[in-house]
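Just so it is clear, A, B and C label the chains in written order, and each chain counts residues from 1 on its own.
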Amino acid sequence: MSIIKVKNLNKEFHIRKREDGLLGAFKGVFSNEKIIKKAVNDISFEINKGEIIGYLGPNGAGKSTTIKMLSGILVPSSGLVKIKGLIPYENRIENARNIGVVFGQRTQLWWDIPISESFSLMKHMYKIPTIKYKRNMEMFSDILGISEFYNVPVRQLSLGQRMRADLCASLLHNPEILFLDEPTIGLDVVVKEKIRNFIKEINKSRKTTVILTTHDMEDIEKLASRVIVIDQGSLMYDGKLDMLKNIYGTEEVIEVEIKSNIKNFDELYKMGVNEINHKKNKILIKYNKEYINSATIIGWFMKQGKVNDFLVHGINIDEVIRKMYEKPMKNFM
Amino acid sequence: MIYYLQFAKNVFQSKLAYRMNVFLSILHRIASLFVEVSIWSAIISQTGKISTVMGMIGLKEMVTYAILSTGISIIISSNTILEFENKIRTGQIAMDLIKPMKFKLYLFFENLGNNLFKITFELIPVVIVGILCFGIDIPSKENAFFFFLTLINGMIIYFILTCILGQLSFWLLTVWHLDKLLNDMLKIFSGRFIPLWFFPKIFITISAFLPFRLIYFSPMSIYLEKVSSIEVGNILIQQIGWILILFIIDMILWKKGIKKLVVQGG
Amino acid sequence: MKSLTLYLKFISIYLKCRLEYRVAFILDILMPIFSYSINYLTIWIILNRFSSIRGWDFNQIMFLYTINLFSYGLAGIIFYTPMRSLDSLVKKGDFDMFLTKPMNPFLHLINRQFEHIFIGHLILSSIVFLICLGNLNITWSVLKVIWLIFVLFGATLIQGAFMIITGSLSFFYTNSTSVASSILNSLRGFIDYPISIYNKGLKILLTFILPYGFISFYPSKYFLNKSNDEIFHYLFQYATPIVGILLFILSYKVWLLGVNNYKSTGS
């Protein structure tokens, strides 16, 4: 059963035209020209309870705009959004009780007061029963390690601490849906890992549906089972991550270290590899997964009996997405 | 020089981008001018001409005073203090110091850009409205010349004052209090709103020891031809004296502040 | 009701935190006290020289000014900082946060920020008020005291409404709030003195368009027993609470318009 339903969603913005230069700036004071920009263009998808969705796209693709329409911040130009049967922008307050939202760059916590007090104000705002609140606080501060900075106001927290506190605050009321906009941006590896584990844990134990936008492909690989890719406002791909890799990311690289020189690679080329780079005893081989696999290539080297070491560079999702932007394949859907 | 002028241009241009602000600031200045003129006309219309230590003062003179004083407040107001505070607190100043430019010149030209903007979009409209609605006295050529000369000196005094207070951020946690304080002192001791000739004696004495009157009151009294040529010379000497004193204080503070920055790493 | 308890809880936490830095806290409050003392001083200088303006003497003008200052302080504690912060909230898109919470964004915004600096306004105006009372011959009755409370309530709503309207401008125009509020500050300068000293146009402006006159001038006429030589109706002296409520409702409508604009443009 789908918990989020999006159908033919559109969002247009009107932007005031600005011209360059001093003269242009003068003109801008008196002119009123507008440009229409389609930020989201006819998008449809459905999301089921308990899924973790990676929502991907380059900067300015319309990711945030979509998330904002799902969370009731923006009103769509046209189209349908339903979250648990509610239209978010019409039932904003009711919808807000069902969702948790974390924007990587901003905080929902009170600026001047210790985060512990912020949490207790959240408790009041969401009318969270004391038992539930206490249980959640215990669990979250355990996994996220919040107790170290429990009594510090937000303005004094580091980015990583703030992020953890924000994540905690957004989940205190047990929302069924969690929107995460760039939750790991600017964080160090350790904190990133902590946050990923936390999201995974919440998703598993509570069946929380998570929608995640990020530029960090590791986030996606570790968390998301399904990805939705959007570019210039339009839906590019919706499906399993592996599928995406299979279709776009068919080129792999294998790195082989050999004992002594091999002079002739003709045989390998005949077997179907694309490119061979030869540097002393290190050889980089690019090949298409559809025609030949790594085992065959290694097998060939083994037959020569000269392999010291080898390393397969799997498909990098970052690369995949970039490729997709380069050659969009709308028709394959 | 051209390089520094670029800062002025940048400021000018970026301010133009917010057109609502342009209109609102004109409105703001005109509103405050109306407040002042209205108060003076209410006071003076009930008594006619007022005799003071500096001669008879009539409504037209007070209106001129209000227009000039609004004009001066437009061109001297600046964010220098808060900018210093912000740059020092965030450590941005270190970045500015490693650039091949004189920091204070940079601030000065940024101010200049601000000022050119304010002259175009605030001063000129306000003066036009002021002249059309109330009329303004015109001084002799000689007085006009000395008015502008003392006005520029006054602006320099104000700029150095703001630099000094801003630099205190090297030692103090916040200086916005000082920004307010400077404005409050100006409000009363500079003659910004009330000309010194209406002051009780004790306030005139206090203000004689402070530089603030040299920013507003002195140039305006020259404009209104309330001072003799000897007194004009006196004003100029005082202004130059204050500029020197403040400049030395400013230099010392700057050197010490930078040293502190280097030693403690901001 | 829920949001009121939330607000009170927030204020108590906020003050508790601020009081940990006692020196800064005291300085913050002394600052406006000093600043507005200077304003009182300028009034004194003028009235010292001219003894009265159109029949209003020093103490009467102080009374007038004090109602203005007190109501401004009270409104400022609640509305000033939230409304001023709106500009950057909207510019950076941080206002999004308020729309993802199960709470009225207006109440939420006010709930998040509080400005202790305005306590200084309240302290100073209260002191001056007591001094004025000693020098003014007002015969107080229970009814008059109750009426004074109503007047202060209405005046606070008017001051608050102006803060809300200027703040809401940020939904439509970037960076406009600070300029807009300095306009209001200079317009507020009009009511430092009785508006009867101004010409007809300004009187109409300050009564019907920007009803600043209702903050202190019209109610003071009642308390100080001023004759009605004005072009306006004598009932105006009793209108402050009504004007306050109406203007506040209007300002809330402007706020709602702003939020709707934000919801459709996202900035």
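Basically, a residue touches a chain if its C-beta (ideal position, glycine included) is under 8 Å from a C-beta of that chain, and two chains touch if they have at least 3 such contacts.
In this text the structure is predicted, and so the values were computed from the model without any measurement.
Asks: Whose C-alpha centre lies nearest the centre of all protein C-alpha atoms?
Replies: If one averages C-alpha positions chain by chain, the most central is C.
Asks: Look at all chain centres (mean of CA atoms) and spot the one farthest from the centre of chain C.
Replies: A
Asks: Using mean CA coordinates as chain centres, what's the gap between chain A and chain B in Å?
Replies: About 53 Å separates the centre of chain A from that of chain B.
Asks: Once you find the CA centre of chain B and the CA centre of chain C, what distance in Å lies between them?
Replies: Roughly 28 Å separates the two chain centres.
Asks: Counting only Cα atoms for the centres, state how far chain A is from chain C in Å.
Replies: The answer is 46 Å.
Asks: Where on chain A does chain C make contact in their complex?
Replies: Residue list for chain A touching chain C: 13-14, 65, 68, 71-75, 89, 92-94, 96-97, 99, 101, 103, 105-108, 110-114, 117, 120-121, 124-127, 153, 179.
Asks: Using the touch definition up top, name the residues of chain B that touch chain C in the complex.
Replies: Touching chain C from chain B are residues 18, 20-21, 24-25, 27-28, 31-32, 34-35, 38-39, 42-43, 46-47, 173-174, 177, 180-181, 184, 187-188, 193-194, 198-200, 203.
Asks: Mind pulling up the chain C residues that touch chain A in the complex?
Replies: These residues of chain C touch chain A: 2, 5-6, 9-10, 13-14, 17-18, 92-94, 96-97, 99-104, 108, 111-113, 263-266.
Asks: Quick one: in the complex, what on chain C touches chain B?
Replies: My answer: residues 24, 27, 31, 34-35, 38-39, 41-42, 45-46, 48-50, 53-54, 169, 172-176, 179-180, 182-183, 186-187, 189-190, 193, 197-199, 202.
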